[in-house]
Structures are given as C-alpha cells and as structure tokens.
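To keep things simple, chains are lettered A, B, C, D, E and F as they appear, and every chain counts its residues starting from 1.
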Amino acid sequence: MVGMVLMPEVVALGESLVQFNAVTDGPLRHVTYFEKHATGSEANVCVALVRLGVSCGLITRLGTDEFGLFIYDWLRGEGVDVGHIRFDPERPTGIYFVQRNYPIPGVSDVLYYRRGSAASALSPDDVDPDYVGGARVFHTTGITMAISDTARSAALKGLEIARGKGIITSFDVNYRKKLWANIDDAINVLSKALGFADVVFLDEDEANLLLGVSAVDDVFRELRSRFGINRVVLKLGIKGSMAYWEGRVIKVNAFRVPVKDPIGAGDAYAGVFLASILRGHDVESAMRRASAAAAMVVMVRGDEENLPREDDLRRFLDGYGRQVDLR
Amino acid sequence: MVGMVLMPEVVALGESLVQFNAVTDGPLRHVTYFEKHATGSEANVCVALVRLGVSCGLITRLGTDEFGLFIYDWLRGEGVDVGHIRFDPERPTGIYFVQRNYPIPGVSDVLYYRRGSAASALSPDDVDPDYVGGARVFHTTGITMAISDTARSAALKGLEIARGKGIITSFDVNYRKKLWANIDDAINVLSKALGFADVVFLDEDEANLLLGVSAVDDVFRELRSRFGINRVVLKLGIKGSMAYWEGRVIKVNAFRVPVKDPIGAGDAYAGVFLASILRGHDVESAMRRASAAAAMVVMVRGDEENLPREDDLRRFLDGYGRQVDLR
Amino acid sequence: MVGMVLMPEVVALGESLVQFNAVTDGPLRHVTYFEKHATGSEANVCVALVRLGVSCGLITRLGTDEFGLFIYDWLRGEGVDVGHIRFDPERPTGIYFVQRNYPIPGVSDVLYYRRGSAASALSPDDVDPDYVGGARVFHTTGITMAISDTARSAALKGLEIARGKGIITSFDVNYRKKLWANIDDAINVLSKALGFADVVFLDEDEANLLLGVSAVDDVFRELRSRFGINRVVLKLGIKGSMAYWEGRVIKVNAFRVPVKDPIGAGDAYAGVFLASILRGHDVESAMRRASAAAAMVVMVRGDEENLPREDDLRRFLDGYGRQVDLR
Amino acid sequence: MVGMVLMPEVVALGESLVQFNAVTDGPLRHVTYFEKHATGSEANVCVALVRLGVSCGLITRLGTDEFGLFIYDWLRGEGVDVGHIRFDPERPTGIYFVQRNYPIPGVSDVLYYRRGSAASALSPDDVDPDYVGGARVFHTTGITMAISDTARSAALKGLEIARGKGIITSFDVNYRKKLWANIDDAINVLSKALGFADVVFLDEDEANLLLGVSAVDDVFRELRSRFGINRVVLKLGIKGSMAYWEGRVIKVNAFRVPVKDPIGAGDAYAGVFLASILRGHDVESAMRRASAAAAMVVMVRGDEENLPREDDLRRFLDGYGRQVDLR
Amino acid sequence: MVGMVLMPEVVALGESLVQFNAVTDGPLRHVTYFEKHATGSEANVCVALVRLGVSCGLITRLGTDEFGLFIYDWLRGEGVDVGHIRFDPERPTGIYFVQRNYPIPGVSDVLYYRRGSAASALSPDDVDPDYVGGARVFHTTGITMAISDTARSAALKGLEIARGKGIITSFDVNYRKKLWANIDDAINVLSKALGFADVVFLDEDEANLLLGVSAVDDVFRELRSRFGINRVVLKLGIKGSMAYWEGRVIKVNAFRVPVKDPIGAGDAYAGVFLASILRGHDVESAMRRASAAAAMVVMVRGDEENLPREDDLRRFLDGYGRQVDLR
Amino acid sequence: MVGMVLMPEVVALGESLVQFNAVTDGPLRHVTYFEKHATGSEANVCVALVRLGVSCGLITRLGTDEFGLFIYDWLRGEGVDVGHIRFDPERPTGIYFVQRNYPIPGVSDVLYYRRGSAASALSPDDVDPDYVGGARVFHTTGITMAISDTARSAALKGLEIARGKGIITSFDVNYRKKLWANIDDAINVLSKALGFADVVFLDEDEANLLLGVSAVDDVFRELRSRFGINRVVLKLGIKGSMAYWEGRVIKVNAFRVPVKDPIGAGDAYAGVFLASILRGHDVESAMRRASAAAAMVVMVRGDEENLPREDDLRRFLDGYGRQVDLR
C-alpha cells in the first residue's frame, strides 16, 4: 500500500457491518429488494468525523469475504484510517437487515446475522497502545461491549489506555437489547464502561436502564455523582437533546424532517458533536450541528451517505425552515 | 393436494384481482413501471382474518392464466382456504391499475380491466350451503353486487343461506361508481343486500347514497329503522370511525400516518374488526385495532402485505405516537 | 413531416434540457441511478399551455444527438409546435443533474452541463418575425438572457418584435446565479428585459436583486413606476402568491403537498396562469389554478409529467383538502 | 391543435395497444415488475416508416383513459399522423402482458386484455376515403381482421378503397390463434383479405394454414395462382426471409443477435421493407434492411424503441459481424 | 389452520433458506441490490414435485423471524405440505448470498449465513415415523448431512425408517465443500448415507470424491458393487446426464439455454425426475423431462420460480429448438 | 488527512470521468435510467494495478463538485494514491453517457460532456518530477493527448521526465475520433508520443492510422524501425492479442464471454499486463492474464468493478471453459 499511517485525532473501536436495507416498506416477508450499505456505530462516527475534516481511525476486524472488502474500501474511500483493521479468514463479516416503517411508522426494525462475525473476535491484541495513545479522543459504544467477551475486553483496554494517557474517552451507551443475554449483564458491563468515560451519549431509556432515572436533572446528577462524568449528552428524540457540560445545562431542539430510516441518527450526532468540539465550537453550537446531522441522515436509507461535509452542514443550518414546506 | 378441507370460521365471497400499482406517482401516461399485487375486497378481508388467526375461506372464480395462479398461490400461502375457488378456462382473471397521488394528493385512482372476468361468472352454483353453513360469519360486499348479475345472485344466496342458518352476515357497502350502470340500480341492489345484513360497514358518502342522510345519528337510526340493523360501523376517514353496536355508540380516532396508497384501508378495517370481535375483543378495542390495521396498510403499495399479525398489531398500538416524528 | 405549421397562440423562446434526476435522495456522490426527463423553463411553460388546450410553439436549438431527439419527440408528442426548433450538429444538447433533499430538505440542487450547448447558440436568426407576430403572447425568461450573448439577443429580439406588434410579452425573471458571470450583469440585462415586459413573474429574492425592495407593495410600485409594468405576479413560496393586475392586488394561498422535487413549480405557475388568462379566467381564478399546478408538479421528479389537463386540474381543485391526511 | 393534416404516404389501420412487458423472465406469476410500452402491429409499422422518413398515418380508436393518451402522445411524438385517431369514452384502450423466455427460451407469450377495447369498435365510418386515397400504400394485418366484425369491415373497406384507387395494398397475415373463435373463420376471412392484397407478408405456419403448403415455391405459386399476388415476403425465422417479387425469387439471411423479446420483429420487417421500397431500394436491399431492423428490435423489450433511423440502420449493416463476439 | 394433514407421496428433509441473489453481475462488493428468493435443495425438490402434481411434504425448521415466515408461506402457497415444519424461536432462518458470473462466467458463488440456523437444529425428534412411513419416497441430500450433527442424525433416521418400511429412498449427494470441516468427514458420512439409498443423484466430481472414479461405467459399477445401488443418475453438466437403472444405461443430452444462475439445476433435475418416475414415465422420458426442467430454472435468478407445471414442461419439450436462435 | 504519500510503483496521468451507463439497451432517447460509474482510461489502469497489488498513483484534476468527490473517494477506496489529484473550483468533472447494443449489437456508443472539464485544464504544473521519478512505470494514453493542449503538454512532460530518468514509459494509443479536431492532428501528436514510449498498446485500426499498415508483422516492424519500440501489444479483438517483445512474437487467444459493455476492455488489458510484468510474469502469462481481465470487465456495465484481484484472476483462468455453457 501507498501511504504511511500517521496518528489520527480520533480512534474508534467497534464492529462495522453491512446493512441490507429494505427498498420497500413493510414486513420483510414481502420485501423483494434490499440495498447494501456500509454501517456500524463506531464506523459511522468515524465517517462523520472525517467528513468534517477530523482524522479518525477504526480498530475492527472484517471477514475476508466480499462484504469485508466492501467495508474496507468504503472506509478507505471516505478517508478513515484503515491501518488497524484486520481480516479474519475464518469468520464472516457481520450483516443485518432493516425493516422500515413496520409495524411502527417511523421506526426501523433490525434482523442481525452477526453472531460469530469477524468483529466478534476483536480482542485486546487488536488495540495498539501507541495508536490509541496518539489520538486526542478514543470512542467506543455499548454495542462493542455486547457482541462478545473478547470485543468487550478490547473496548475496555482501549478505554483504560486512553484514560491512562489523558486522552478523552467518549462512550455512547447504545443499548441493543437483542445483543445481550440478559439485562443484568448489560447493566453491569455498561456501568463498568461508564467508569472510564469522559464524554457520554445516552437517551432516556438507557438512562433509566443504567441509572434508574430518566428525568434530565436526575440523569445528569447520577452520572456525575456515581461515575464522576460531567460531560453528558442526553438525546430526547423529537424533543431534541440536552447536555450537561462541566456545570452548564444546554438544550437544543431537534430539526424536523421526513424520516426514511432513523437508524444512524445517534452516530451522526455523536460524530458531528465530537468533530465540532475538536474544531473549537462551543457546546451549544456542537449540539446544533450534531442535531442537524442526525436529521440529515434519517432522510435516507443507509447511515453514512448523508453525513455532512462542512459546507453542506452550514447550508442545512442556514436553509432549514426557509425551504418549501415538506407536508 | 394434501389436506382435507375443514370448516373455516369465516366464509367470504367476491372477486380477487391482480393490482398493478404505479411505482412512481402521477398520471399513468408517464408511469413506466408497475408492481403486481394480489387484492380484491373480500380477499383482503380473508387475509386480514387469517393473519390474526381466524380461519377464512374465499368463494371465487379465477382465470386459468398466470394471474389466476398467482392469486391462488398467494391466498393459499397466506393460509386462506382455497377449496372453494374455481378456475374458469374461458375468462381471464380480473385486473386493475392504480394511479397514485394524481390528480388529488393522497388519493388513488383505478383503471379496471375486469369486465367479463372469471369472477364475473360467479354464480349461485358456487355457493355450497354446507360450506357457508359451517362458518360463524359470512362476508361479502357491494362490489360483488355490482360486477355481474350472476355474481350478485351468488352473494345474495350466500347471505340468505347464512341468515337462514343463524350465521352472522357481514356486509361492506363498498359502492364503486365505475362498476354500476346507474345509481338507481346501485341503490336498489345494495338496499336489498342490507336487508340481509347483521353487521354493516359504510362511509358517509355511501350512507348518503343509500339512506339520504350522512349525519352519524341519522345513519344509525335509518339503518336500524329501515333495515333492522343494529351493528354498524361508519367510517369517517381521517376523523376516525363510529360504531352503533346493539344500542351503544362508540367513537375511535384514526391513526395518522404517511399515505402511499389508501386503497385497501376499508378492507383492513373490516377484516381486523371481524377478527377482533370473533376473538372476544369488545367493540371499542376491535375498532382501535381495525383503525390501526387500516393505517398500516395505507403506508405501502398493495392491500394485503401490511395486514398485521397479532404481534405486529400490538407493537403498532403500543408504539404509535412514541416514534420519531414523521414530518 | 405531415402537417403544415399554423400560428400558435403562444410562442416561447429558450433552452430545453434533459434533466437527470437522482432516484434516491442525498449527495450525488452516493446516488447510483438517475432518471431522465425533458425540461427547460420555457419548454415547461409550453407543455403547461398545450395541456390546457392553448397552442404553443417553442423556438430553440437542440443538439443532433439522442438527447436532442428525445426532447424533440417529447415536445412533439405533447403537441407543442416544433416547427421552429433547429438542430445543431456541432453542439450538444444541454443537460443537468438534480440532487434532491440535500443538504436542505425540500430543496433541490442542480449541476449543469449546458455551457456551449446547442441552445447557447440561439441567435436572432432563429426568431422569425412572422411566427412571433402571429401569436397572442410571447414568453421568455431570465435564463435565456443568461446562457449566452446570442441567446440574449434572440430573446430581446423576440420581445421587441412582440412589443412592436402589440403582442403581449410575458417575462419570468428566473434569476439563476450559477448562469451569470456576476450580479451586475444580471441586474443590467434583466432590467433591460423588464423594459419590454407586459406580464412579469418574479419572487421576493429576485425583486430584491432587481429593484432593491421585497415588500409586496414596494415591488409592485417599483415595477410600475420604473418599468411601467402593471401586470405582475409575485411568488411567495409557501405563503402563496400575489398579483398586481391593472390596479388590483390579489392574494392566493399555496396548496400544501408533499414535495419530491420543487424544480418546475414556477414554470407550471406561469404556464397555467397564462393559459387561464387566455381562456378567460379572471386573475384570481388564474392564480388559484396556477398554484394548483405548481403543487401538482412538485410531487414528482421531472417538471412536466404532472402538468395538469383541464379535467385533472378541476379534480385537484375540487378534491384538495378532502383527501386522506398526508402526514 | 397546431398543424393541418396533409396526406401521408402510407395509411395503416389497426389497433395500438399498451404492452406490459415482464421485467424479469419466467412465468408471470413470479414477475413483480412490468414495463409499459406502446405497441400494436400496424402502429409498429407506422413508426418504422416515419423513423426512415416516410410519412404515415394510423387509423385507430383509443380509450379516453391514460393508456389511450399515452399511445396518442407516443405516436404523435414519433411523427405519426394522428389526425384520424378517434377516442372512445366508453371502451378502454386494449392492453396485454408479455411473458418472456418461458416456457420456451427465446419465445414470448402474451396475455391479452383487449376484448371490447376501443379499437374493437373500429368501423367503416373510421375510414375516410380521401385519407386512404391520398396515400401511396395502405397497410393492415390479420389482427385487425380478427378483433371484431366492425374492425374487419373497416379493414376491408380500406383495402377496397385502396384497390379501387390504384393504391398499393399491403397485408401482413399475422395469424393470432388467441384472437379467432375458430380456424375456419380465420382461413375464410384472411383469404378474403388476400384477395385485395398487392404485397403480402407471411410465415411458413401461416402459409400452411391458408394455403395448405409451406415449401417456399409452393407458397409463392399458390399465392400467385389463387390470389394473383406477385409480391410476397415469406419470413423463415432464423433461416432468414425469401421474397417472390414480380417473377424474381430473392433470399436474404437473418442477422443473429441475442433475443430479449421477439415480439415486433415481423412489424419491423414489414415497416422497414415498405419504407425501403418506397425510397427506391431494390427488393434485396429492402429485405436486408428489413432483416436488420427485425434483429434490432428483438434485442430489447418493447416493439418500437429500437426501430432504426436511417443512420443507425446503416451503422448496423456496416458494423454487424465486426463487433466483439456476443457469446 | 384449515385443513387436516394427509400423507404426501414424497417426504423430504432438509434446510430451506432465503437466497439473496445479486441483481447485477460481478463481485458482491460492487453489487448494490439483492433479490430475495425461497430456496434450499430439498425444498426445491418439493416444489418441483408439487408443480407436477405429486404431493410432497418438507420436514424442516425455520426461525420465527420474517424470513422463516416468508419460506413457510411460500411453500404453503406452492402446495407443499408444511405440517411438519417447526419454528425455532432462538435460531435464525439460514440465508445466503449469490454472486453471479464472477469470477467465472456462467458460474455462481455463494456466501452462506447458515451456521447455527434453525435448520441446523433439526434433530431425529423432527422425524415422525408415521409421516415418513406414509410416503412412497423419502428424499434428502448431502447438504443435510453436512449442516450439523443433529441434522445428519435426522436425515439418517429418515433414511432408516424408509428403508425399514420399504419406501424408496432418494439421495442427492450434493457435496458442498464450504459446509464440511474436512473431506474425510464428508466421505465417511456421505458413504454412510449411500448405504441407505435406493436412488442416487451425483455428478462426476462427487463420484470421484466418494468412489475414487469418475468414468461413467466405473461410477455405476462401484455404486452397485459397494453399495448395492442400481438406480443412479450421473449428471454431466453440458454433456447431459446418464442413468444406470436396474441394469440399463441411458444417456440424455442437456438442453442448451442462456444461463443466468445455474444454482438449483440439480434440484430441478432430481425433483422432476422423481415426479416423472412416480407418474409412470420411463427412465429416459424422466431424464429428458428432468433435463428440461434443469434448463428452465437456470435461465432466471432464484431456484424455484421456473420449475415447470406439466403444461409448461410439455411446451418446452415441444418448442425447444424451434425458437428463434438465442445468440 | 491521515497518511503520508510514498512513491507508487506506477504513476499514470489522465482524465477520470463519471460514466452514466444506460440501464436498458437501445437508443438513449428511450433509456429512462442511467447507472453511475467511475471510469477514465488511466484511472482504469490504476485500479487494475492496485487490485493486483501494484501501487499506483493518478495525476489528474477533478471538479469541486459531487462527481469529482465521487471519483476521488472511489479511487482512494480502491487504494490508488490520490495525493497528486487537484480540484478545480471553476471547471466541472467530465462525464459521459454509454448507449449499449445499439445500433450495433455488442458495441457501445458514447456521448461525452467533457469539453472544458477540470481535467482538460491539466497542465505541466501538475506533473511533479519527483513523483514521476520515483516510479518504475509512467503510463498515459492518446486520450490525454487529445483532450486539450495543456493536458497534452502535461502528458509529454511526464513521458520526457520518465525517459530522462530511465523509467519505463507505457503508452496506450487509444485513438478517440470524437476528441480530435482532425485526423492529421491526431497522427502528428500520437506519433510524437510514440517517440517517448517503451511499451505500446494499440489495435489494428490505430496501427493503420499511425503507421499505414495493419498486418501484424508490418506493425511490429514499423514501430521498431520508425520509433525504436520493441515492446508492443497489438490487440486483435475477438482474435486475441499479439505481442512483439524484445525480438519475440507471442500470440494469445481471447476469452469468449457474453458482452454487456465492451468499454474498458483495453484498459483492463493494459493494467493487468503491466501489473503482471512488474510482478515477474513472462510476457505470454501476462498476456493471458490481461486477456482474462479484459473478458471479465466486458461482462458488466462499468469499467472497473470487475477488474480482478489475484485470487479471482486465477479462478477465472482455472475455471474458464469448464463452466456451464453460456449459450
């Protein structure tokens, strides 16, 4: 390969999967055509970052199959550093299917084929301390904590290394019920991860699960008192998002757009929020930009295609509300 | 064939057609691709019933052509009893085309090719008294009354047999202007059918046509006084639906969803309403469930694909209103 | 060819292009399939007219390539008089791409490949005084003023001839920033054209550019005082449209519909407005009909497919607001 | 409308239908998407003629529905004279479905919905003697003889008028078994038509049906002796075609190309043959050109899209056999 | 459910999977759209049988997910007895992807996601001796032997029961390298199955693997001498197929058709061969019919759509070679 | 960006364009959908090289539009070094349309929109002597010589630098008639380029144009005697290819496959040939591999998708001829 790996500003760790998104709405039984997309929570965050000019590398494993090559080339094409991606000749690349607008309008359902995937074999060996140590932010999510024991260890190793070197740790709770054997496991493991997190993204349901509270003030208080976290973004769906940021509480409204597939909104938020903070935006601006990006990505199938470049993000923020009515 | 026909709980009688739904909106002149679906009012009701675990058989005729085979296999695949479907080697399976969102947004237009179809040759011979007599409900609609004299006779025979054996008769007025030679015929024939009906589904325009009134109380009163009907569902479009049920009046709101093709909503309503009543739901619950199903099916092309199974119906009812905004 | 050219009621002059409209939303990078449509501002107006029974001819040039033939056959098929279209063997037919709903929801972005197109070689030679002189209305737009010096001269020649013969001149400002070298040029040239215009269509941004004012009364006053124009339609987007018509001011609301691609709305408005005036509607009725047509065309990709015939237009006006809710 | 009807060189009479061609191969039961095309044997011939610069008008009837408008605009767009097409408000435009490559590879199967179509109401009233009399060639086919008694009378009237005025009559036997009540009728009627024909197109099966012989020499002899026809084209499928032309016998090979849908090949042959003869080609050249056109149209779905313009026809004839191998 | 299970003539046992077939050719990396089909070797055989009027039931397990429901409804729709299909709430329905024409033209590649599938949990408990015992033929394949230990035990139990009751056992070797841990295992297990087989289907590579010989006579001799099998069909690809049938050797040529996806050809062969034998055809006729069916199914994506009904099979056999050349 | 540019083994110079390939065959007038691909002769060669593990960088210019970004990300994703690609804010990315199988079956026609493209502004400034000097091979084509004077100067500068530093120069004549003002220009310029070439790729027509001979021996002799070139590959279409290589003459047959779009075959040949030579294959092996790659790419739309990786190339070479017949 041409090119020598330098140190990206952000290092993320987690599974990237191929998404097969239903071309038509309704139960998958009746869907005939599926559209292929590169996705995965941490991969989505990486692409969000590089689109805004913040370098990012992803630590993951892919199968040595066509779907693994697809993801690898996609991420490389986007400018994500792929130097720490390993190929596994024994295990397949994880995939999943997306059912849209059924049974609940505006909500997507997923059907995973990721058990035993290449990324489920992620292990602490995959985490190069120098690579993580050279970054400004290390990011992972609760999904990585759930897919296997070894992946979890890898994620925790990354968090520990980052903490140890004074690098900002970013953690998106991303509780996925289907990936956990039981709720208690999820609570224990995710709580452990919170213990290493500087910046946390979560929603009300996740707060309720992990902290037993969901009111905004309670959530912020619990995270602060129990985990010492004072940089939190609480996502409230169509009500917008709130942040507790080093003592301040900020609220930002959501942008209302026609939803084609809401999957990926949280990753767009996290990625654009981190990119904006790293590029010097204040928290409120970062939240507005993150909200805009979340709105942009839910308007299409696929998680990463609509992640904005700087110019597009500005045009959205300037133009929103001045367009022809969408009804 | 493997399997011996038992007695389904519901027997319906009417034409099942192949629908060719425009893939793109606008006048059909400019539509290049069409999508094939199995439909037909009574067939839709059958599928709604079997999806919710209520056995149903359809009495109809199909052409011995590929479209007839398509419908036959579709219904059999859904679990509808096809033992009383006959194939006609001389007449084609009826079909129609759907133009969507033009000229009126949110409204579909149809172009029929069903004159002289196999189902138009439905005749009283097709109605096996034992088959109808073994059911708990017999269902037909005003469409069957309109497509031919013999089909009308068959439907009336079914209603009479059912009445005679104390089986519930269910009638959906389903006035289709394009199928009637003139309005007077329609009024006469549909009124005759009302004379046999225990449960009636109609909307305000149909009430006005048949009863000369459209105000809710007037409609209920006229049906009661003139036809002795005391189980009526009056569909009010986006205003929801109202029922007069053995002395009680119940109102249920409609669920608001993005409409792709409103065709089939009434059938979904009727089928899920009947299934719910047969499974012991009270009228209000049956109406809520029926409204939900109607909302679900208008979100896609095709009438039957989105008819809910029990689990999906519950998820819709639980999740509706908590989803991301659809605007 | 079979047929002898008679005199159409309206003669329009300007470029007709092939539009490649993105099948999926989002940045064009990620769009794989594009759909071909015949468009162009003045061509759109022509089709709007002939659909409503008003004869119209288009003066333009096309490349002798497949895209030129496509447009020629399309316009001929619609019934537009193509007797004054010339083919240029040296220059290609102009084309452009449409990016939808990105970055701003509800707004489309265009990417032109029209520099040096066949129509950019339009010249005064293309304007046959007898042809223009035989019409009741001559129509052109600010786009034709922008694409080349020779096209501009042709448009000005058409306006002058029409003025000289007492034929109504209709001018849609249609300011397209991407087509002008600089704003001053645009202001000078468009102002010159206004000097020849009897009927003017413009929006608030265009008013501000050309007149330095955007408040409704100011716009009407300036056009009247500076250019002597007393038939003006000011388009206000979702707020509707206002007209100053020989001393009267009329306001009409916009029809709200789901927007797939807003391109072409202004042309639909202008064409249906002119057709309605020519067929004897009063200004308010013409505005309502024009607004309806604008709403109809934005519901699909392509500019001309949804332009209404008389019957469809009436059905829209009667049915609007009585349909199932579109949310 | 703009334009005054002049006299086209060729007048054809017959039904134009909308074809819904299966997007995927196999039995129609399993085909989900269908593609719309304008077709019809005599309409195909018209388009073949006008593409090569020979003016042609079609006498037919269309429904006043979207499909009728589609065909009308398509033919007008192609440059066919549509001045003698009438719209029938009562009857639908005829349509049919095409099943490709099943059960026999390389052969298409059709499913008609044309009984009672607008064109089946074609009658002698539709045949304007002045219109037919102004042409150089009158063309019709055995399909028109089959669809209804009135259509047959119209076709015979056209043939008689033409004969009477010394205009060349061209007749393509086009025996379609599905359209005839029985074979004897077909033989009687088609034989009657042969009595009026100057130029005849037929294939071996049709020869056998009508003449009881299929060997080339026998066919030519029988047509000559029994009907006095001495301009005959006998189509031999992949073996090519043979002509008996005023005493000479000419043979031309077929061009071998990958077949997507063979429907329309015969019409392409007839139309291009007639055009070539009218433009001064000798019979062998006309046959080669006709064979080329037949090969071109079978390579795509739809009958008319690939009908060649002069330049494309020449490029095919020059380039055939020098291309990359198609296997 | 309506209907009481009777005894099908054939009982098959094996996994049915959802196939996602690449819409465009080439490496899957570059394929954007995938088309869903119901497949699986033994399921394909079942559908081949029922299409020809031979009743068949499939013993299998499906996930309680949308893909499991899809297969269940598909098979039921085709008329396969689904009374012995069980749903597994813990395991997903197996799926796979098909890459076509790459890297080898005319050959498809598969990418499985079937490890741990519902059907891999098939066990001897699933095999009801009365069900198997009521049939005339029991059929399974080497795929079922490969997917798990419990599935293998189930298949062997089925074979043993059938042998014990004098029911014909049919075994298609179907060696799939990707499904076996190593070749020795495959040889041992498949040899064991051969010990129970009355009718065997295999190709030259499989013969070589299991018997160490591939010449036709050697294969027949080895199967006879080592396993006592005297009803064998040896598939030879484009060279056709040969049978050793109770002392006779018969050869039948393959039908040459354009290949879209060769997957499913072997199952079509086996199913139609068995159906034909059961319906009284002699071996050569059965082989010809089986070859025809194999040719029919490779012309489309999907394995079962093109399986012929009796009438279509006859038309293929009559029409083959008389069609327009496909080159 | 993450990564520091190293020296690629091959440096290529030329325009990369977006290709819009007709989804359906026939004249572009009648094509509705177009599929987007990244192409361009030298870019194709680069991707062919990197797929086989040979590093390659492309010197080019792209517009700062979505199509430029698309190409940039595509090439980066494939692993091509994009460090020497410049973006031009004033000029658009070049594009073209592909018409397939019409008018000549098996041949594609192109319609360019590349005049004034960003790459037409390529200039000697874009050619970094250190970058070229660090490579083992410098490659360009006659297309770059044709698109503009500055691009030609850039290509000549690259060739001169390479010659001066003893780097192998590779030149593909690639004569494109549509890009040259006249033939004499083409002959003069291309001859000049031949003066700098070590390795030359051309076909018989190009040989005839430049050398006045087309017989194999004559071509080799003329190139040797007039230009001192003794490494030549002469492409002979379906007859295969011949090389004169340092005194030896080698012939290799073409692989016959079904052709979907022959565009890109020559680039696949050149790229795989160069890669194979650089990786130590002898000339005959390199030719066989290059022929295989050319066959692979013509089986799909797009030029680069089917370029083989090492493993796929080997499978093709092993499997070719053993597959199911394609007829």
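Here is the rule we use: contacts are C-beta pairs under 8 Å (C-beta built on N, C-alpha and C of every residue); 3 or more make two chains touch, one makes a residue touch a chain.
In UniProt terms the chains read A, B, C, D, E, F = Sugar kinase.
Because the structure is a prediction, the values reported are computed rather than measured.
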Copy-to-copy rotation for chain B (Sugar kinase) and chain F (Sugar kinase) - C-alpha atoms, rounded to a multiple of 5° | 180
Specify the chain most distant from chain E (Sugar kinase) by Cα centroid.
-> C
Using C-alpha centroids, which chain lies at the maximum separation from chain D (Sugar kinase)?
-> A
Rounded Å distance, chain C (Sugar kinase) centre to chain F (Sugar kinase) centre (Cα mean) = 43
Measuring from the mean C-alpha position of chain A (Sugar kinase) to the mean C-alpha position of chain F (Sugar kinase), what distance in angstrom results?
-> 40
Residues in chain B (Sugar kinase) with touches to at least two other chains are numbered 27, 32, 73, 257-258, 326-327
What are all the touching pairs of chains?
-> A-B, A-C, A-E, A-F, B-C, B-D, B-E, C-D, C-F, D-E, D-F, E-F
Inside the complex, what are the residues of chain F (Sugar kinase) that reach chain E (Sugar kinase)?
-> 257-258, 260, 295-296, 299-302, 305-306, 308, 312-313, 315-316, 319-320, 323-327
Okay, in this complex, where on chain A (Sugar kinase) does chain E (Sugar kinase) touch?
-> 20, 23, 27-29, 31-36, 65-67, 69-70, 73, 92, 95, 99, 111, 113, 115-116
Hey, which residues of chain B (Sugar kinase) end up touching chain E (Sugar kinase) in the complex?
-> 1-8, 55, 57, 73-74, 76-79, 81
What does chain E (Sugar kinase) use to touch chain F (Sugar kinase) in their complex?
-> 24-27, 30, 101-107, 237-238, 256-259, 262, 265, 298, 326-327
